[in-house]
Structures are given as structure tokens and as C-alpha cells.
């Protein structure tokens, strides 16, 4: 089951969706007023980045980079494992940052009774 | 044989996992172990620094795989100097925050454990950022630095810590997004993540990739280094964090951010126009930060803006670029770390009781807290560059560097900025000593250990002021190492031939 | 460890020890303070030989300190005034709080000044200059009232001057790769023309701020009047002379080589003259003695600046002579006002009256320094002024002479105002129990007064030192015997000397004094109320000595000129800057999303312009 | 107004992103010379005898990243704890008992989920998966129990012990590499033959430690957030 | 254009639609669910791109944990984006 067929269509879909996700995420983060919606936007940006990172590592007709017993002697062309390792770390860091951000949102709500970013402006000038 | 640089990161990690257990055995251990660890690391890094000054770089390989394949840590006089400076400041911040009064009001086991853990890890993360030789590893260390900074900024309940921390997190996550995009472009084209390898292969990059990657890197690292349009979060984070953390921000965290920009421009990419970019951005940052600092009414926010302004000056010095430029920049970094931390430490004791730290609440505190206000005034006189103190030599170095490369306009701009600095710092000193006390705010005497760390900083200012040759040797060696990129590359990449 | 190390070491060590001595007790502090000054001065004058050099190596820069005759001349002013003002300030400052701090800064500014006079290279010159600046700043704001406004104005202008000087120093370094003044004067002509003129102008602005030249003088009146009088004596007497010292060096080493030599000298001379004129006019209408003296000090400096700017041999002698003499009588006048303030409690001229009988010695020294200030023959002020006129006329700028002449005669007006309102006039019951100032305050004043007289009679003593200084600056030797003036001849060939006029006036005055003295016995004591006013007998409580609006008609005549006070424009500029700064900080409006939008806009701008600013 | 500006900005960013990424060919082998990818694949198969090369990269070649990674999670949990810390918890937790279906289902599913999680991180070096994935699955298992039963208590002490011990094993394995004269995190155990359970030296051990650590940490995080007292009611 | 490519394209469109829905939807709970849909499709893409490890991680962290953490936060703060659109019964009333 490999993505052999017409490559340029797949380029458009994978790169296209990744960049679309990044842009939609950024739009949400920059325009929406609710803190949670901003964080949703940021997590969508993270997903877009991760998709982009993995799709960069893809190789036409390559299999997963695992030398399972079935495939160990045939040594087929393998997909690039390095971006996968990076994405693994990036996903977990993305989650950690989102968790801390949401904790901050709870704390802000406790104090300001609102999650609207325009109303949380004690520190200015 | 001198210890290996990886201990500078492995041992604090080991201790970080150990501390929760130690805490169960004896509560006080939670406060003591970070200090002991940082002290040992400081000893180690000073020892390493002396070694590298004689014998050149120490490149430490991790997991046995030599640089282009595995991750490597580079302990050169340049990164070593920064690491030692950070560890020294970390030690002083730890001493300052040992049994710090506000923490006592929180005298619960939970928050103190978390504070000391996050503080130690913030220092280790900055040392990690400075030492690592791999861009993805740099990304991970910047994230650790970020997470600890978010946690520490939001430490106090009674202040707007959460708001400042959220702003820092929001902009920080944007910075990590751009960083990932840039690493992606670099990896897809060059197939390697090692800095020396990238530096070698950078010329193979097609212009479109190189420029986009450079821009993404500049914006991501610009956020960490608090350049002008990207540093909205910085004043809030500095002013809302607890006093020791504010001193740590000024002394350590912003140095790591600045290091990333410098490593990018001096080693990673040889792109024309980056030095002018540094000068222009440095000047803009200096202008806006100093203008904002001038019209501040709150003390810690004023110190925050002034710290950003000083960083702008360091950027300009790095932008000037030749041997004197880098030497001046490093001298400025050293002075800024020492003096700004002293100002944060002593300043926050002067306005300790006031809720939002107005400068007007400083009136006449000189008589009540003679030593702390003397130290604050000493810091103010030093940062402004009055001669017998440390700040003068670094300002002179920057100006001579600018004059040598014939940038008269830049000298004029730097001097007019320091004119503004003179006014708003001496305005505060005026209030401390020469205006009668009109508020009924009580005062808090600093704890003995807080006084100790402040006095150490004050002594350093005087020593470096009267006899700057104490550290100029190290600075010259460090600036020489940064400048010759060739020796960095073949030091790191030559290892691959020897080991396997 | 030659004499330079010792003197500077004593001064610096003394300053720090005095601060800590204050913790022990007042007496120890006073002792430590006065002994530091006396020992330093004594050692300096005994053992100083002009060729001793001390070299330090700090931060990769060689700092060399040495002494030449020019430096010796200025150090006479500094240490002389320091000793006298030191003794004066012991009783004057009794009872004020944290005096350790005050005396430390006092000694630090002396240390700074001695360092300036001794420094052979620009960096040490700048270091001591800044030490002098911030230590004098700490004293200007010492007694706290309106500290912020006056202090900030003072430090702003001094920092402006210091930083323009620093820029010039750094430009010199970039051209000649050395900081030493000798190399500078040798290599000045090799520099490109644009560098030459900018360096010269920057240095002139730097020194003009300290010498309170017209456009940059705004800080002087407040700073002089707000500082304690014992320090102001030294502040206006010696500290402003550092500006003159700098100007002398600049004009001698650099301006003479400049292509625009004539224009620079002309503008600075005119600025000096304008300073003299305007400051005298302002001084006339001041009601507070301190403010009046401050403006008068700015005016006197105006003469010196003109003298230095003209740059011929006689004008340089006049300038140096005036700076020494101004140092003496200005310090004396400030001490007088300090004594009056301490004894009578106020320095407001409209309130003070009739202290002549109560404070005779103070009156005597006030009289002598008034005569010297106004340049009336028997005293040394006349010699300086005379030589200044001599040089201006022989140099051909006649309009300048008219302005200077007007300024110095108008000078007499405010001198008379201060003498008349404080000492003469009918006594008031309010000042009934005013006694003479304590001995320690009176002795320095009387010493200076006598010196004024002595040098008036025998100017040669002073001129000997000035001559050695001129030789150092490259002028030919001009000094004759100790009683003569100079062997110089002015443009019309007759000798420049005031001996004739000087001795006639002295003989006339002395004879009158002797005659009066012998007739003293059958003199009749007359109370100030015993005046017949066209037949009316003055009632007991009426006081006919008018003090208010002393020169009202003169003021009405001059008032259109007074509207253009320069400080009005400075305040407008300062408020404009403040508003602009306040506007710029609005950029950080506290909303995290706006900061994120700033980041994205910066990214977009960088992406758009990346191709043409980064060349791959 | 802000919307318009943001849209324009994002359009420009989109243009540049598309411009760069359209030139990077999808699925085409870009690296010809000796490059990192082939090196890792070859070394992971022959030197380390680890079949899942992603795991060998994550744990061995770029082990330092994972050490940093684990610290990030550890610090995130600490920072989260310090941000949400409240001295006197007032008001009762609003957690309520889920419906019986969920409770019985949770009871049924809890053990298999833990088993699956354990399987995933034990076979990290053989089949896809590993420390992070296994740990998260275990955390979801505990989450299920926390949501189902309002009085389900996860003892904080045990979590801290597991978390710290796992972290210590990871760090000490790295340090023993250093002590034995090799470099930090280098493999010093026999690497066995590829594709059987005990292959790849210290890599599986590290990944198992990571599994425990991540599992304990995320459960702690979820526990702190869930037991965050319901503020609205009080 | 075999079946796999078509299904990928459909899923891609679905993902972008879910992203837009997540941004536009006022009720934050639905927005969070849309985010988990995005992560789910992302996990499938990772599987298709021959990256099983990452697919497993994305499934575990992206879909499960991120969603639950968001839901917990919504429970502690506000469900609707701006208070004014409070839903009573099925009518949305501006408060």
C-alpha cells in the first residue's frame, strides 16, 4: 500500500493542507478574542507544522523505517526516519506548552473572571 | 583531566529528578541541593574555561556518535565564558532567593519545591542553549528555557504573573513555530542538523531557501533576544516575576536569547547584510526601549525596559563586528549581567511592600535602608557609565569599536541614548536620597544572604571599574574564538575522522 | 610612588575615610576632612616638579598623568580655594545631617579636578572629568529642596558636555590610535578636515557647558545657588575653571591649526561677550543674593571665554589672570553670602539691612571683593580687565570692546546692590542680635581680601606663574620684575602696564585712610536713624533704606530684551520630548494579540525586504 | 479592521510558504552523498540491532533531545502544579459519577488499556511506538477511571516516586556511559540480535523508563487539572 | 487516481473544513471536538506517510490528551466564546 501514483497531486494535498492548517491556526490565534480559541489556533498551527515536517521526510515507494523480520533481508527503500524523530519531540513539546497555557488560562479566569484577551490588560505601557 | 562539559547539563537533570525524593526525606534539602549543584557546576565550568583558554575548544560528543551524526556540545572560550557567567549569576540568584521573604509567606512545601526546581532548570537550560552544537537540540533547550520561564513568571499569586506569563507563552510558541519551520527547510535541503555541518554546506543552499530560513531564524531568535517589535512580552515578564527571577532574566535568560542570534549570524549563515541588520535592529530596540523606560512610573518596569535597551546596545556592538566590536559586546554583556541583576535585586527590596512598585514610593528610602539604596545608586551610576565604575569601560570599548569602523552617526546615537539613560536613572537616585519620605509604606530589611549576593555584585562592579584587566584577557580570547569560524568548523567536524 | 600618586591617593583615600569617619563622630570627620586637604595641598606645592609622570595601564589603555606649568597654575586655584573653603565649611556646615556624604563628595570633586589638571591623555582626562561631574552633582542636590528639577538640569547639561567630549575623544582615537594629548596636538593637522572641525567643535561644546557659556549656561544659576555656600565658593571658583582649562587646551592645540580659525574664534568671543552682557543684566534684577552672585559668576566667565577665544598673547594672559582673580573674589563673595546666611538666617536682599556694624569683617571682605569684581584700580580685578581691553583693542574687534566694557560697568550695579542691601541702610530690630561670623569663617575671607589687595599692588607675583604657563603653550616669555606688569607692547608701541595708575590710586587711598584714622578720636558716633530728611525727623519705626525694585527704571528700559530667556525654549523642547516618549511607550498596549500581530508584521516586512538587504 | 490586517499578513506569509515548499519535491530522494538518514538506517540495523530505527534515533543518536524532552514534560507538570496550586481548597470537587455504562465499561477497559500501554513501550524498539506513546496510553487509562469514578484517588506519592525513579534510571544510564569512559548515553550493554526482545543494549531500557515517567507525569497532570476545585460553584 | 489518493484528498478537505469550523464555532466545546477531528485525520495521514510511530503519538496525545485538557479548561472557565451569546433552550439570547 504505497503512495506511488501521481505525485504532484499528493504534493498539493499534503503541503497544501499543512500550510492551510498553519494559516487557519494563525488566523484564529491573531483574531479571536477568547484565550481558549487562541490556544486552539496555536495547537492547529502545531498540527500543521508536524504534518509538514513528516511529509518532507516521505520517500516515493518507501516503507516505514522499521526492519521487521519480514523486510529485514530485502532492505527496501525506507522513508527518512529523522523528521519522524523530530516530530515525536515536537508533538510532546506542543502538548506540554498547551497544558501550561491552559493552566494559565484557568488562573487568569480565577482572577479576572473573563477569558476575553481584550479585558486582561493590567500590564500596559 | 578536566571534567567533561556534558556534566554541566546531565548533573542538574539528575538532581532535578532527585529533588522531589529528597524533599520527602528532609524539607530543607529542596532548598539546598540546587545551590550545591550550581556551585559544583560553577567550579567545573571555571576549571573548563581555564583549560579551553590554553588548549582551545573542548568538543564533547553524546551517545558516541561524532558531530555530523550525533549531537555535540562545544565548550569554547566564547561559549564557556557565557556558561560560566550564567552559572555565576545563577549561584548569586540562588543565594538571593534562599528563604526569600515572600516565599516564606507561601511557606508550603509544594511551591518552594517547584520554585527551586524551575530556577535550577532555567539556569541549566540557558547553559544548554549556549553549549549545544545542534540546531534541534537548541530548539529543545529554548523550549525548556521557555517552560521554566513561564512557570517562574506566574509564581506569585498576588501579582499579574499569569497575564505576563501568558503573553510570554503566546509569543514564545510563535517563536518555536518559526524555528521549527526554519529547521525543516534546512534539514530538507542540507540533510543535517549539526551547526558546523550546516555552516560548511550553507553555500550549497539555493537563495530562496537560504533567505527564507534566515528570516525565520532571525524572527524566532529575535523574539528570544527581545528585539524591538518582538519584545512586547519582555517588560511584563521582567516586572511581574519574583525579584530573584527578574534578576535571573536580566542576567541569564536574555543572554541565551542573544547568543542564539549571534551564533546564527556569526557561524551558521555567511550572508551579506546581516551585520547592518544587527546594527539597525539594535539601534531601533535601544531607542524604543529607552524612550519607554524614560516615561515609566513603575520601578521594575523601568528596569525591564532599560535592560532591553542595554541588549539593543549589545546588538549594535555585535553588528560592528570586528575584533573590537565583539570584545565590546562581550564586555557589555558581562557588565549588564552584573549591574542589571544588582539593580533588580536591590530595587525590589526598596519597593518591597508596595503593591505596584511605583517609583514615587521610593522617596526618602535612602536613610531607612542605607546599604541597599547605596548598592542601587552604585548600580545606577555603573549602568550609566560613570568612570570609576564598570560600565564606563564597556561603553568606551563600544565607542572605540564604532569609531574604528568610522560609524560617527552610531556614536552620536549611542551617546544621545545614554543621555536619556542618565536622566531617568538619576531621577530615581534623586528620589531615594534627596526627597523626603511621604508614604507610610513600611520597609523590609534584606535577608543576610540577599545582602551577601548584592554586596558581591557591588564589589565586582568596583573591582572591574578600578581594574578592568581582571576580565579583559578572557574577553579578548572569547571574541577571538567567536570570530574565527574556520577553527570552529574543523574542530567539530575533525572529530569524525578520529573516533570511528 | 611619585608625588602624583601621593596627592591623588591622599585625596581619594581621604574622601573614603571621611565618609566612614562620620560614622565614628563629627569631630573626627572634620579633622580627617581638613587634614586631607591641607596635607595634599602642602605636599603638592612643596614637592611638585613639572616633569614627574605617572603611567597606569587599565583595560588596554595607557593612562599617563603628569604636571606642566599650565596645570600648576590651575592647581594653585584649586588647592588654594580648597584649603580656604575647607576651613570655611567646617563651622558653616555644623549641625547639618549626613555630612560624611557631603565631605566625601567635596574631596572627590577636588580629586577629580586635580586629576583633570594632571592628566596627559584624553581618557584619564574624561575619567576625572566625570568623577568631578557626578560628585559635584551629589552636592548640588545635597540639601534636597527642588533637588529633582535643579539636579536633573545640571546633570543633563554636564552629561551633554561630557558625551560630546567623549565622542571627540573616540574620533581622535579612531584617527591617531592613541589617546595622549601630545600625539593629538602633533597629529591634529594630519586628520581629515571634517574630523578636525568636528573634534574641535565637540570639545568646545563640552568645555563650554562647564564654563557656562551662553546657550549652555542654564544649569549654572540654579546649581550655584542651590549648593551649600561653602561648596559653591569652590564650585564656581575652581570647578568652572576646568572648563576654561579645557578651552585653553583646545584653542592652543587645535583651533590655531583649523582653516576656519578666524570664524571659530570670532563666534566664541562673541558668545563670551553676550554671556557677560546678558548674565550681568539678569544679575542686576535678582532679589536673592545667591542667585545674583551665580549670574555674576556666569558673567565673569564670559570675560574669560572671550579672552581665551581671542588667543593673542595679552588676551591669554588676561584670561588666565581673570580666571585666578575671579576664583578669588567669587569664592570670597560666596563665603560672605554664606556667612550672612548663617548669621542672619536669610539671603533675601529685600529683607536684609544694616549689618555693617554687626559683621564688620565680613563687610570688609565683601567691599574688597566688590571692588575687585568691578575692576576698580587699586585691586587686582582692574589688572585683568585692563589687559583684556588692551588685547581686544590691539586685536581690532572694537564692537566687542564696547560690549565687554558695558558688561563690566553694569557689573558694578549689581555689586553695589548687594553691598548696599546687606550691609548699609538702617538697622532693623529683627537683626538686633546678629553677631560676627565665627573666626574660622572670617579668616579665609579676610585672607582672600588681603590677597586681592596684595596682588593688585604687585601683579608680578601672579604673572610669574601665568608666564610659565604661557611658555608651556608656546608663547614667548613676557614677564618683567615682580612689580612690573609685562614687557609686552601693544599695537601702538607703548608698554602694557598699569603700574602708573595702580600706584597713584594706592597712594591716594592710603593717604586718605591715614588722615581719617588720625581724626578717628574726635569723630561722633551717629546712629543710622540720625538723618535729616529735608527738615522732617524720621520716626523710630520707619526705614528709609529702600531695597525693593532696586533698579526698577533700568529694568523697565531693558525689559523687551529680557523676554527671550533661553530656558523657555529648553523647557518647551523638554516637554516636547517627554510627550514623544510617552507616546512611543503606548506601542506596548498590553494586549498579547497585538504583540503577536507585531511579530507577524515584522516577519512579513522582513520577508518582503529580505532579498535586497541580504545578499547571498 | 484587525481581521483585514491579519488576512493580508497571512496572505503574504502564505505566498512565501507556498513559494518555498513548492520547490521541495514531495517524496523525492534529495540526499545523494553520505547523509544522516542512510547513516542512521545502516547503523541502527547493523551496530545497534534495533529494528525500529525511529526509536534508535530518538533514544540513541539524538538521545540528548529525548532527555531534554523528558525534562520539558517534567517541568511542564511542575509549572502546571505551581500555577494551579491553591493552599486551601474550598468547595467540593464537582466530579460526578458517570452513568453506569461508562463506569462498568471503564472498569472493564482499564486493565486492557494499561496492558496495551505496557506492551507499546516495552516493544518500543521492535514495533512502532515507544516510551512516549506507551506512557500516554497509560495516562488515558487512568483518565478513564478518573472520569468514571468521582472518588477515584491516584496517590500523589506513588506518582512522584515512579516519576523520579524513571527519570533517575534514564539519567543514571546516561551517566554510567560517561563513567565507563565512553561518552554520555552511549550503549554499554550487549546489543543481542536484531528483532528479539533483548536487543539494542540500553535503548529499550531507556524507553521503558521514559514510558513509566511519561505515564506517571501525564496522569499527575490530568489529576491536578481534574481535581482543580470547581471555582464557579463556591 | 486510485482509491487511496481520492480518500486522501477527501480527508484533506475534511480536515481543512474541521479547522475552519473550529475557528468559527462560538461554542468552545464543539470547537475542541473539531480540533480532535483534525488530529485524528492527521494521525491517519501520518500512517499513510509511512510514519507509524508518529501516527501512534498523534493519536494518543493529539486526539486524547489535548482534547481532554481543553475540555477541563472549558469546564473551569466559560463554555461560550463571549458571554453575550448565552444559549437558553435553543434560542441564543444576547445578555
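For clarity, chains are labelled A, B, C, D and E in written order, and residue numbers in each chain start from 1.
Here is the rule we go by: a residue touches a chain if its C-beta (ideal position, glycine included) is under 8 Å from a C-beta of that chain, and two chains touch if they have at least 3 such contacts.
Since the model is a prediction, treat every value here as computed from it, not as a measurement.
S.K.: What chains touch chain C and also chain E?
M.R.: Chains touching both chain C and chain E: A, D.
S.K.: When chain E is left out of the picture, which chains can still reach each other by chains of touches?
M.R.: one piece
S.K.: Taking contacts as defined above, which has more of them, C-D or B-C?
M.R.: Result of the comparison of C-D and B-C: B-C.
S.K.: By C-alpha centroid distance to the whole-protein centroid, which chain wins?
M.R.: Of all chains shown, the one whose C-alpha centre lies nearest the global C-alpha mean is B.
S.K.: Report the chain whose CA-based centre is farthest from the CA-based centre of chain A.
M.R.: C
S.K.: Specify the chain most distant from chain E by Cα centroid.
M.R.: Comparing chain centres, C lies farthest from chain E.
S.K.: Calculate how many whole Å lie between the centre of chain B and the centre of chain D, each centre taken as the average of the chain's C-alpha atoms.
M.R.: Centre separation, chain B to chain D: 30 Å.
S.K.: Just give me the whole-number Å value for how far the CA centre of chain A lies from that of chain E.
M.R.: 13
S.K.: Taking the mean of the C-alpha atoms as each chain's centre, how many Å separate chain B from chain E?
M.R.: Roughly 39 Å, centre to centre.
S.K.: Mind pulling the residue numbers of chain C that touch at least two other chains?
M.R.: 585, 588, 590, 592-593, 596-597, 600-601, 603, 607
S.K.: Among the residues of chain E, which ones contact at least 2 other chains?
M.R.: Each of 51-54, 57, 61, 65, 69, 72-73, 76 in chain E touches at least two other chains.
S.K.: Could you tell me which residues belong to chain B and also touch two or more other chains?
M.R.: 136, 140, 143, 147, 150-151, 154, 162, 165-167, 170, 174, 181, 188, 193, 212, 235-236, 292, 295-296
S.K.: Spell out all pairs of chains that touch, sorted by label.
M.R.: By the stated definition, chains touch in these pairs: A-B, A-C, A-D, A-E, B-C, B-D, C-D, D-E.
S.K.: List the residues on chain D that touch chain A in their complex, please.
M.R.: Where chain D meets chain A, its residues are 2-3, 6-7, 9-10, 13-14, 17-18, 21-22, 24-29, 36-37, 40-41, 44-45, 51-54, 57-58, 62, 65-66, 69, 72-73, 75-76, 79-80, 83-84, 126-128, 132, 194-195, 214, 221, 225, 228, 231.
S.K.: In the complex of these two chains, what residues of chain A are touching chain B?
M.R.: 22, 29, 35, 38, 42, 45-46, 49, 52-53, 56, 82-83, 86, 89-90, 93, 96-97, 100-101, 104-105, 107-108, 111, 120, 122-123, 125
S.K.: Of all residues in chain E, which touch chain A in the complex?
M.R.: Residue positions touching the partner: 1-2, 4-5, 8-9, 12, 15-16, 19-20, 22-23, 28, 31-32, 35, 38-39, 42, 45-46, 48-54, 57-58, 61-62, 65-66, 69-70, 72-74, 76-78, 81-83.
S.K.: Please give the residue numbers of chain A that touch chain E in the complex, ascending.
M.R.: 1-3, 5-6, 9-10, 13-14, 16-17, 20-21, 24-25, 27-28, 32-37, 39-41, 43-44, 47, 50-51, 54-55, 57-58, 62-66, 79, 84, 87-88, 91-92, 95, 98-99, 102, 105-106, 109, 114-116
S.K.: Help me check something: in the complex, which residues belonging to chain A touch chain C?
M.R.: Spelled out, the residues of chain A in touch with chain C are 26, 29-31, 33, 38, 117-118, 121-125.
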